[in-house]
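Both complexes below contain subunit A, partnered by subunit B and then by subunit C.
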Partner chain A sequence: MAEESFLADDFLRQLMSVGEVDLLVGIPSYNNASTLGQTLQSVEESLLQNFVRERAAILNVDGGSTDETLQVFEQSAEQRGASHKGLTSLRTIHRISCQYDKSPSQGWALRNIVAAADLLRARACAVISPATANVTPLWVANLLRPVHREGLDFVAPLYVRSRFQGLLARDLLYPMTRAVFGQRIRELYADEWGFSGRLASQCLEKDVWHEEPVRVRPQAWMAITAIGGGLKCGQYFLGPKGAAPAGTGPDIVEAIRQTVGNFFWCMETNQAYWLSRSNSQPVSTFGPDHELSSDGIPPSPEKIFELFRTGVTELEPILASILAPDTHAQIKAIALSDRTKFHFAMELWVKTLYEFAASYHHTVLNRDHLVQALVPLYRGKLYSFLLEHANSSGEEMEAQSEILCQEFERQKPYLVERWTAKS
Partner chain B sequence: MLSQDENLWYKDAIIYQLHVRTFCDSNADGIGDFRGLTSKLDYLQELGINAIWLLPFYPSPLRDDGYDIADYTSVHPSYGSLQDFKDFLTAAHNRRIRVITEMVVNHTSDQHPWFQEARSSRENPKRDWYVWSDTDTRYQGVRIIFIDTEMSNWAWDPISKSYYWHRFFNHQPDLNYDNPAVREAMWEVMKFWLDIGVDGFRLDAVPYLIERDGTSCENLPETHEIIRDLRKRIDLAYPGKMLLAEANQWPADVISYFGNGDEFHMAFHFPLMPRMFMAVKLEDRKPIIEILEQTPQIPETCQWCIFLRNHDELTLEMVTNVERDYMYDEYAVDKAMRINLGIRRRLAPMMENDRRRVELLTGLLLSMPGTPIIYYGDEIGMGDNIYLGDRNGVRTPMQWNGGWNAGFSAADPERLYSPLISNAIYGYQAINVDSQRRSAHSLLSWTKSVIQTRNAFRVFSRGSIEFLNPSNHRVLAYVRKLGDEKVLIVNNLSSSAQAVELNLQMYKRHIPIEMFGRNLFPRIGDLPYLLTLGPYQFYWFRLRRI
Partner chain C sequence: MKEVIIEGLRQAYSNLVRMFAEFLPRLLVMLVIVVVGLIVAYLLKTILRAVLHVTRLDRLSEEAGASRFLRMAALPSMTELLSRSLFWVTWSGFILIGISVLGVAGLQEQISRLFLLLPAIFVAILILFLGLVTANFLSRAALLAAVNAGYPSPKLLSWSIRFVIWALAVSMALEQVGVARQTVLAAFSIVFGAFMFGMALAFGLGGRELAREFLERNLTEKKREKHEEPQPL
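Right, the complex of A and B next:
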């Protein structure tokens, strides 16, 4: 039996009214009443300042908010133009909205956005999160412009982060993505990004929208789809990333499940692309010269080491089934070392991750459990990082990151070997 | 004596704008004349227009197409005699066509005897009929209108060794309306023509009559006093005659020229015109809706004059810089198409000879509130010649047939005041009245039919307008209402087919009757009224409750 259309009739009616657009900005929301108005204003100002001739639509995709998110969207549509400092567009900037009747997920939201992009034949699209505190009109323009004017298909943001912000991306996601997929895209799991209508159409056709990794964190999948499809990717330096309010982001377990689990799944579904590739290439990077690391206060390492040590002990049988004996032995050894002299070696870290990826592929145990087993090891790596870089400058940390990336690339044959080995 | 309602004839008018020089040459000298124009009145009557607006036909050195008048009370010999004009006027009136003439009140030619006297010495009694200064720094900051040719609003007069003020070309000195003698002289001029029988004047360049230090020298209160005085005199001595203001300003500024119904009867709505073109190119109703929303109500007896093209450049003064750039890029990509702050092109070439778009724009012109003006030749889709200099490219001879000189003149082609349009697309062999008369489906035949429809329903000329706001922004829909008469207009501004749902709950149970084919459409019910429109298609429906 054919799948029911996921597009609501009312949404379709709105799309019919909009017709064709050059630009589409999607704003996924769920209980964002307090910030949505500001986000909408930034998006509209961006369109007015930078794309005055283009046909544009702003699409709010809501996951069933129980606060006043929907009312904020409707009201701001009525008040629009009043607060734009005399800016005016040649054309109507369409505002449309839809609600999907599933539990809130970035994937469902993105599915509606790419469907809208496909049906509206949008040339350039951006996803902007109302949860990001400091979205500026320039951000929106910078994500759209490389797609609209330079012909790119995927544009990731590039943020300046404090030295101790985004460590999961720095130590794991970025270097591993770079080594596996061969493109140096730094922020694969950002909440804002740009993409082409062509990529939207390709993604829409994929039968993966019910897969949990796509439902939860679709942005990296979209980027990897672009890379795998030979489409042009780039990144735009947006400046400092506003931190989400405390307590609103996922905890480390959930973050690893969502990102690393997602990444392993992407490796699985795109193995035909990456298995035969080596080395990595820089992607087009736009924006002013920039430093990627700024000053910041290191988080307290207390407990982190203990959690690592306890985890290694408690998860010993599970780790034994995931890791090669030698790797496992080395980890157990460092877990017993003096915490003040603790060092999680780069080589070991890369090998560990590659073994996790291969075990995920071979499904040596429940994949979700497998990914969660990485959490204590990541904590160990994090603790080691904090010890080593408490007094490092941003530049030194960047240099270290580059060395780590190269290590990931150097060991990629090991990954391929483990991945392709008969289980 | 006309009735009160008949005095409002200008509200129901469809005005045809022409220059006598361009229309028909009766004496084979290569220049159109009043006898030639008179011979073509049957054509204009057949077209369905009921007023003619004549561009200046007075004696003039013709350095600004007659807007540099050297004698206000006679006819340029090239166009015939005063008697020829009177004969034309009688013939037009016999066909129930009114005649509006151009009255260039702000300035004269520097060849006008008034100016010749004024410059002859500083003591001459006419000296004070113009605006003089020993320096060229007075009224600094006042904008220059013809930016392509003029560097200053002051010009040096070597004879009287002082500067004279001119808002337009330097050979067009501004009259000094602070001088009561000037006002009286101009009233005498108007009386002269009103006594002959003209039905109204289009007053050129009205905002600039008065100058004051520290102001923009535009739209000053003293200017309005002059207009009010003029209007009072006309109402008293010549009831039923009409004054039309040329004030290229924003609606909020033009509105003052209606006064309390005691200044102009009509004024051009300049900002609407470029926005109609913009809306079609953008495929979005926003520019039209925005400008009409900004347009204030006008007194009951007043009316806007609306137009698509005229003898001047398509002026882009009343648009933002962003809008102007867009218009240039979309409609005047060749720099030769641009002049001053505007575009010197005709309607059909601007629409790339796309009949659907020409019809859509003409449909808009004839269905929006205001008295429409059709520029000669646009009813057959005439082309232009952007290489003729100034704005002469849109002032070429009328194309009557595919024969000798397009049927415009029996003179040798070299004698014509302007070359004919002769290219393969717009040339007179392809585009002319005779060939279009022979086809029921020609642009000319279509234009006649749409004018006939408009003339049959007073709601178009006098009715209110209420915009519908369907979510499809490519569709511009509005209801015109006058008493029980209701007309629904739905325009697809885009190049692709569109579906639109209209909220017509106010007209529930009404039956839409398509006005050109007189076909019935489904009765309006509880649901939004669904229509589909082809590219650039439009519907005019009469809404009837039967």
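Right, the complex of A and C next:
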């Protein structure tokens, strides 16, 4: 088997001693000693409460933690039983751990998880991040159940978001994914998701694990592999997701490099699937398909506008090589407009993104540089959004988001035209 | 007297005929070498062009920003430039061999010198090309990073990086060819030293306040500014 070449001997021994399982929960960790215990407790409670008869395993894949993450995992195994309020499973819940010899990478962690799922012949798997502060037993069950009982192959989470949280996903990633790949999955870059053993085996066979986009953000790639393979996808409403503590998580530049770069790469590698498709279809959704809470204070946008304006001016030659002359001229014109009346039109935003995607495909310049050149323009769109929606309700914002999605779908022929044009 | 003159003329004529008789076959050999060289050079150019098309060098060159400079200098694409260079270098080599066959006194030594210089010229061109590509790539990376981080004068930073790498590449190329080695070394040291000294003075003395602000912003305020933007994911 191909996976034997990268799995450590000790890890293989552990997997062989487990045999086969129905459910596998993978927990990728890196210096998560403070939160791992709580996550493990939620996972174990979920398995005890909801999957009494199923054979299950919890797998911790560690990226070389320097804190006490590994000890926490080992100790929690010894302490289990004491904190489960009398809940008992009819089967043993196995605990396995492994460390990979690379620097921390979500892709490497996922590769170990899907290899384990393949070897253990797991039917349903879930990835749960210990960095998420408020994982509940219900979350784990809701990600596993649609795969285990409803026959889905990929289950994305749905969260309650505050109005100004996750705007990159709302203004760019979701509408563009929906228009390009034709499936309405909202959270493709979440830290928790569920998948089937069948999808795990398909992913394992792909020779892309060393590719930077998969090493950094494998979630969307896995979902798009499922979509491209004609497998069934769905999403499950999990509830509110706690905001990452200040100072953690990627900033806008890093987030765009990781997610947009990853998405463009997925477009490139799956073009045979999406080029001939139009419109989008809803996927199986359990619970409400979105919820925006009305809390959240609009951030101060002045600095964001300055960064947009400076970016458009300073990166003019770079933007000229990426964008069509007309689009570039329109962006330069709005950058000169009055800050208080600034408006980044939806049509222009969609056109801009499609031209970036096509330029990425034609490699008009280094691809990482190209994605970074999008940052100032995203800031412009963000500023426009904050200006227009400072006092909007969650419903109003959602309605606007739906119009944006439709605009992406309407302009898809333009993307196809630019994409297939001779460079 | 008359006979002496006639004898002299006859001698000169026979010398001329002998020289022509000796020279013409050499000229013919030279022409053959030049024609063969032309064919070989053309074949090499075609092969190299095909290989470079397969390896997509033009795309790499476009990506690295080198093509833009070639266009600015009204030069052809990278593939075309390299294959044409190979053609001319090969043919020039054959022409030089042909000329050396003529056996013209004094030319032999000059041609030998030129031959010895050819590899060095090749390496120098390669150094210049790599310098151009590296300078473009790094200066663009610096420009993007500075613009996205909101640093002041991102173009200045970008051009400084470009200038330093260009200066380094040009001095390395000239040293490789052996053109005024000492002068080039001294000129590079002076230019590079002056640039660094100027930067140190501007930043340390002229811009003390700016330097303090810069460090303060980077060490203390950057984290705060970063979170003025809403959480992207």
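Following the convention adopted for this analysis, the second predicted complex is superposed on the first by the 413 of 423 C-alpha atoms of A that agree within 3 Å, B and C clash if a C-alpha of one lies under 4 Å from a C-alpha of the other, contacts with A are read in each partner's own complex, and residues count from 1 in each chain.
The rule is simple: a residue touches a chain if its C-beta (ideal position, glycine included) is under 8 Å from a C-beta of that chain, and two chains touch if they have at least 3 such contacts.
It should be emphasised that the depicted structure is a prediction, and the values quoted were computed from it without experimental measurement.
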In the superposition, subunit B vs subunit C on subunit A residues touched: C
First (subunit B), second (subunit C), both or neither touched by A:R277: neither
Subunit B versus subunit C as contact partner of A:R121, first or second or both or neither: neither
First (subunit B), second (subunit C), both or neither touched by A:H369: second
Subunit B versus subunit C as contact partner of A:I318, first or second or both or neither: second
Subunit B versus subunit C as contact partner of A:V253, first or second or both or neither: second
First, second, both or neither for A:K206, with subunit B first and subunit C second: neither
Residues of subunit B that touch subunit A when the two form their complex: 278, 282-287, 320, 322-323, 326, 470-474, 494, 496, 498-501
For the subunit A and subunit B complex, residues of the former touching the latter: 13-14, 16-20, 52-53, 55, 88-92, 94
Residues on subunit A engaged by subunit C in the complex (per definition of touch): 164-169, 189, 243-244, 246-247, 249-253, 255-256, 259, 299-300, 303-304, 306-307, 310-311, 314-315, 318, 321, 363-367, 369, 372-373, 375-376, 379, 382, 386
Contact set on subunit C toward subunit A in their complex: 59, 62-65, 68, 137, 140-141, 143-145, 147-150, 154-155, 223, 225-233
